[in-house]
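One chain, subunit A, links the two complexes that follow: it is found with subunit B in the first and with subunit C in the second.
And now, the complex of A and B:
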């Protein structure tokens, strides 16, 4: 059965269950009245919501999350699990397509396999890690609400004359015999405290001096900031709120940003290296990039965007030279310089067709490496594209194949019709790059037809290649402003709570006997020297250390 | 003489001033018991001498910092040498602030050696000015690194005060299980500090002798296209190789103390030629540190904790507890601002994301969570004093791992500012 606890104080104030110190006069409500140990002053001894008697289920959940002990456990669990995630690189550090199920075992053996199986290879995206963060958030909300409201009530209706036990059981205490008028002494002492920035409340020979109460709200403002921050982070999983991808654009190309309506053109990429004399001896002779820049143009597609058969219609929306730390920004979309590749890449050639017997030349015609026209007409000749390889190779089965989709060793097979050739057409193999022509012996493959015609490029002006490719990082994060707001709140709260302390001094004089007690939420050393300093000013010299009544430094 | 050379001289001056200041703090504390003097007067006088010396040291250190900045055209916090010297300077700044609040010369006796060790540790790394790669060249970087280091410096002072608290309150004569355990761990903490000293001593001793060895490690990688590429990595040892990199060949080797070849090879999971070198360095630190510790034990014939304990008599442990807590409470907002908020701003500017779970970022978060747990523990009954002193000591280990350990052990985005 419920035990009805008498929570009415001798001063007549009715306190709620769980109150440690009477909300009105401050008299300790614990049973052992004989104890003279310093009081537990947290939250001014008021009852918190979580100290309700007869809790129901919601109360029990509330009570669980309102405990500071649980909050500490959550923090400790979070940083311990966060440590695990730094043992091996996380999956998201690999930009290229890689298979985590193979990678970890191959690279780190059995521990790596277990690491992957336990989900530690993506620790920070696992349900349990996110769960911990959500629980910390819940704890922040409940802990704060549980305490801040009662504390606010207690601090806004403070009584000036406190119970003697309350004063004598503070952590900083001074007792003394006063000669002369008590009220006068109190006024004099109050004036000294006022000069130190205290607000003075008097009631006859009793006094309450208080300063920096606002610092008590610091932790709660900090917690509000942290809650905002956590919510912002969770909001990033809302579709379209966040994007993080990479694109490669060779000089002169225009590439669509996947899943968006935007296209980016790399007009020109330039890289500048440190000169040898700028480098220390150890690094001389190495290419250390000083500055790299992409002249980029951002386009928005205005029509036929998702139609594969038609060319999208683009509208220029922004032009910017992207360098590290200076991204192209447009409506929350940001393009960052990430890396570059200086391997030249062939874009197109403009070859001519030569009739070897007559020496007649036809062309030049336009032959891009990608998406070339299927049909070319050159004087009396017609060329039909039969096949096109980006990185030509002979596969294991003896058939021609391509190793990649980048034009590293491009090759074309045309069916050529024209004077002196088979009317059904004869196959002609064409390697635009000289090195491939030799490597794969183009003339031997073409045999017969190689004596009749030749496709070749006349001069470098007919070769169109990109000197470099730029790698851009595409990012979008709509939660960002909320993250910063959270951080600002958090920081303001921290500063308020850490660099100011809420200090209070109570005193009363009963028959010439001065009782002084002081409380601060931090920095007792400073509290004691302030009391000693004020006493000194009115002629009482006391060693600050002697004011210490024992107890803990909270 | 160029500005950079001048700054190096200022650095050496600062180092020696710190050493002298340390000695003066020791005299101020230990000399109280000398005959024919008033202990309070003695502590006051020598405390002032020591504080002036350490402040001159700090002034000289600041001179080093700003002249090197002017001379090289970039803020000297970009490689390990510059960062560690900056951390040493930040500890001195934090110490000076805390000292001006509490005026306890004893604090100098522990903060100064910490600074000296960190500054000496910095000197192990190459000291030349290196050009920055573009990603590092930003205003926010400077703000981020300096603020974070200052926050960490306050944690370091909290650590020093925490360790002092333990040396003060642990009963070094006690025979109970509890007392024995405390004695062991205090001794272990001191031993760990000596290991770092051992590392510095070993590096400078062998550098003085001009010791060199070189290994080459060949590694073949088969890429997605099936082409095998072999890369070879050479690594220079400045300490005699006890252990050689996994699967490597000797290029150059000087026998040392009859050691004709490395005693063993690094295990296979220690990837890369450099991890072999790092393991070798760790082994040498343990050897040199243990030798040093052994010599000290021989000289004093009792555990080091018991040697220092009597010096601490008369110090109020409550003051130490409060100083430790206070330093951490002062440092925490600075650390939050520097290591998390400024870091996020910078990361957002440089990489376009404010947080990427990079190991260095994660460890900064771990440090922050650790100290927020510490601050909450202080709210609970029974966590003041001894337990919180231990937390302050362990906390600094976490800080050091974040600063140095992550760069040594785990690679990440920050590794280019590495060793």
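And now, the complex of A and C:
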């Protein structure tokens, strides 16, 4: 390949395209030799990697992402579009059956409709937003790589004796005439700098002192952290990496967490309110919750998990009392207390059968509201369950029916056989709840048989009901640890780059004439006073301000 | 050095293409899966037990016209529809119509009594703990899904239908 541009320095070093300062002696290569303004010291004047005189397609793509200007545009554009997502609530902030195509228009009118149509109701999951993140990530990798490698190379093989122009065009410069032996003076001055933590490289009467070079790697470590952070966020779209759902569990029930192998049992939900005397005056008489607690047990299914014909075999893996901000945690799965419902639900009763003529009692027997056994044997009596209703009512056609599938007003119809009854069996209607017994006049419905037997519950200990239901928020975020690792890297990088400065001092003595130049990547004030301080120690008093050679941020 | 630089460039760009492609691709596909079901989308798979105790899956009927009806004995329009579906089933089953009636998580005795009363011959499936109805995003009952042989939804009918309405839709479904 032909190198069109002449990039050879007078010291004999062949530099690559785009080099600002000779990689070897530091002489400025641009055609502004007459200028004596401070030099552009960015990346030590080395060329960005991959700068070519005749780029092909891959190089062009590469160079696009290698540009910091493009990176800044990308970041600004991402910020602006991210703002759009904050105008109306995002779709994922809604729980349960929620239809965004209707909601936005109904709530916000035409702007809402457009908001939904443009996909802004899920801004952060749109292909173009993710695309922007991917591009920022690419730009981070390529920009860093193209700069850190040449910088590393330049800093690890620095020449000690720099070109005079290089030294005189630093932002901190000092010139002086030295009497006596030049090498001795250099050594003495070097010793002073060493005490300030500099590493000294001497070559006769030329010297390079350097400290805190590691702070130059801070931005790149920060970038590695950001890349990890971005990758972790993108990884959330991997199936099973993220979950955010809600489950309702009545007391005593065990419910499967959808799309997982886990089951949760709510052993007991408790809500406690503050007593009036515990509340300040203006809140007295209001219900202020003191505690929501779910005694939860987490199970893992070990066999016949997806087989609908069999009961899943569960193994307890964790037990925890969930209160607000103290979720049950197991292998990345978190169950948070979210809400509750204190509507009681009847689960089962344990009634007895009484022979009204003799007063003899049989039972109790187990009668769950749902999926009860169809056949019960009680002493000389047999009960066959003929029909059951969750919320009993008489339909329009005069036939018994149920209004819902929740045990609001349960009713059971048994065919009873036994002493004094028709051998073919007689129907008996049973309402477990006293209010329904009265409302539907159980005895009148049962007429004849009501005088012979009665099915009833003896005492509250024979009633099994759930006092409340707990609502839990199920969360899983496997990407979170990586987000943290990324954040830690990013922070370490920021600290390295912010609290330390990479400082270098070059000097050479030519025929008793001292030329000293110093460079730092920030805090020039400190740089100057450090140079002045070291000079003071060897008997040269100079006002730090006079070392200022001009230039921005100096 | 020029050669290894080229390799690094290509490796990085390929990695960007794969990771970025996956991330962007998954947002495009997620858009189809998410949100409530609508015409043209693919109904969620289910695996449920029928009243005879056999396990049935929606995917068992791939390539056939399927009517999935959610019903409960507590819902009068559902109850009215069930014998109508029975007649429609008798009329169209030879042409390959499949009717799957999913009961809304009621108990065994209730379902059995109901089916015996109306003498229903199409498969009656039993949802458990309202899982399937939740996956289908049901809001009211009855809701009927007409699923084309290619596995996508032709129509979602919320609420009861007259027998003529059912007939007309099934005819359209079978022509697809």
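Following the convention adopted for this analysis, the second predicted complex is superposed on the first by the 402 of 554 C-alpha atoms of A that agree within 3 Å, B and C clash if a C-alpha of one lies under 4 Å from a C-alpha of the other, contacts with A are read in each partner's own complex, and residues count from 1 in each chain.
Rule of thumb we're sticking to: contacts are C-beta pairs under 8 Å (C-beta built on N, C-alpha and C of every residue); 3 or more make two chains touch, one makes a residue touch a chain.
All figures in this text were calculated on a predicted structure; none of them were measured in a lab.
Colleague: Looking only at contacts as defined up top, I'd like to know whether subunit B or subunit C touches more of subunit A.
Modeller: If we count touched residues of subunit A for both partners, the winner is B.
Colleague: Quick one: classify A:58 as touching subunit B (first), subunit C (second), both or neither.
Modeller: Only subunit C is touched by A:58; subunit B is not.
Colleague: Identify the partner contact of A:404: answer first if only subunit B is touched, second if only subunit C is, both if each is, neither if none is.
Modeller: Both subunit B and subunit C are touched by A:404.
Colleague: On the A-aligned overlay, A:70 touches which partner chain: subunit B = first, subunit C = second, or both, or neither?
Modeller: neither
Colleague: For A:178, decide between first (touching subunit B), second (touching subunit C), both and neither.
Modeller: Touch status of A:178: no partner.
Colleague: In the overlay, answer first, second, both or neither for which of subunit B and subunit C A:371 touches.
Modeller: second
Colleague: So, A:480: does it touch subunit B (first), subunit C (second), both, or neither?
Modeller: first
Colleague: Using the superposition on chain A described above, determine whether A:494 touches subunit B (first), subunit C (second), both, or neither.
Modeller: A:494 sits against subunit B, while subunit C stays out of touch.
Colleague: Touch check for A:127: first (subunit B), second (subunit C), both, or neither?
Modeller: A:127: touches subunit C, not subunit B.
Colleague: Of the two partner chains, subunit B (first) and subunit C (second), which one does A:237 touch, if any: first, second, both, or neither?
Modeller: So A:237 only meets subunit C here.
Colleague: Under the contact rule defined above, give the subunit A residues that sit at the interface with subunit B and also at the interface with subunit C.
Modeller: 403-404
Colleague: Which stretch or stretches of subunit B touch subunit A in the complex?
Modeller: Within the complex, subunit B touches subunit A at residues 101-102, 126, 128-131, 133-135, 137-138, 225, 269, 271, 316, 318-319, 321-322, 325-326, 329-330, 332-333, 336-337, 340-341, 344, 348-359, 362-363, 365-366, 369-370, 372-373, 376-381, 384-385, 406, 410-412.
Colleague: What residues on subunit A touch subunit B, complex-wise?
Modeller: 40, 42, 68-69, 71-72, 75-76, 78-79, 82-83, 85-87, 89-90, 92-93, 107-109, 111, 124, 233, 244, 274, 278-283, 288-292, 323-325, 327, 334, 336, 403-404, 473, 475, 477, 480, 483, 487, 490-491, 494-495, 498-499, 522-526, 545, 548, 552-554
Colleague: Of all residues in subunit C, which touch subunit A in the complex?
Modeller: These residues of subunit C touch subunit A: 5-6, 8-10, 12-13, 16, 19-20, 22-24, 26-28, 30, 35-36, 47-49, 53, 55, 72-74, 76, 104-110, 113, 128-129, 131, 134, 137, 139.
Colleague: Which part of subunit A faces subunit C closely enough to touch in the complex?
Modeller: 49-50, 58-59, 61-62, 91, 97, 99-101, 125-127, 130-131, 133-135, 137-138, 141-142, 145, 231, 234, 237, 255-256, 258, 306-309, 370-372, 374, 385, 387-391, 395-396, 401-405
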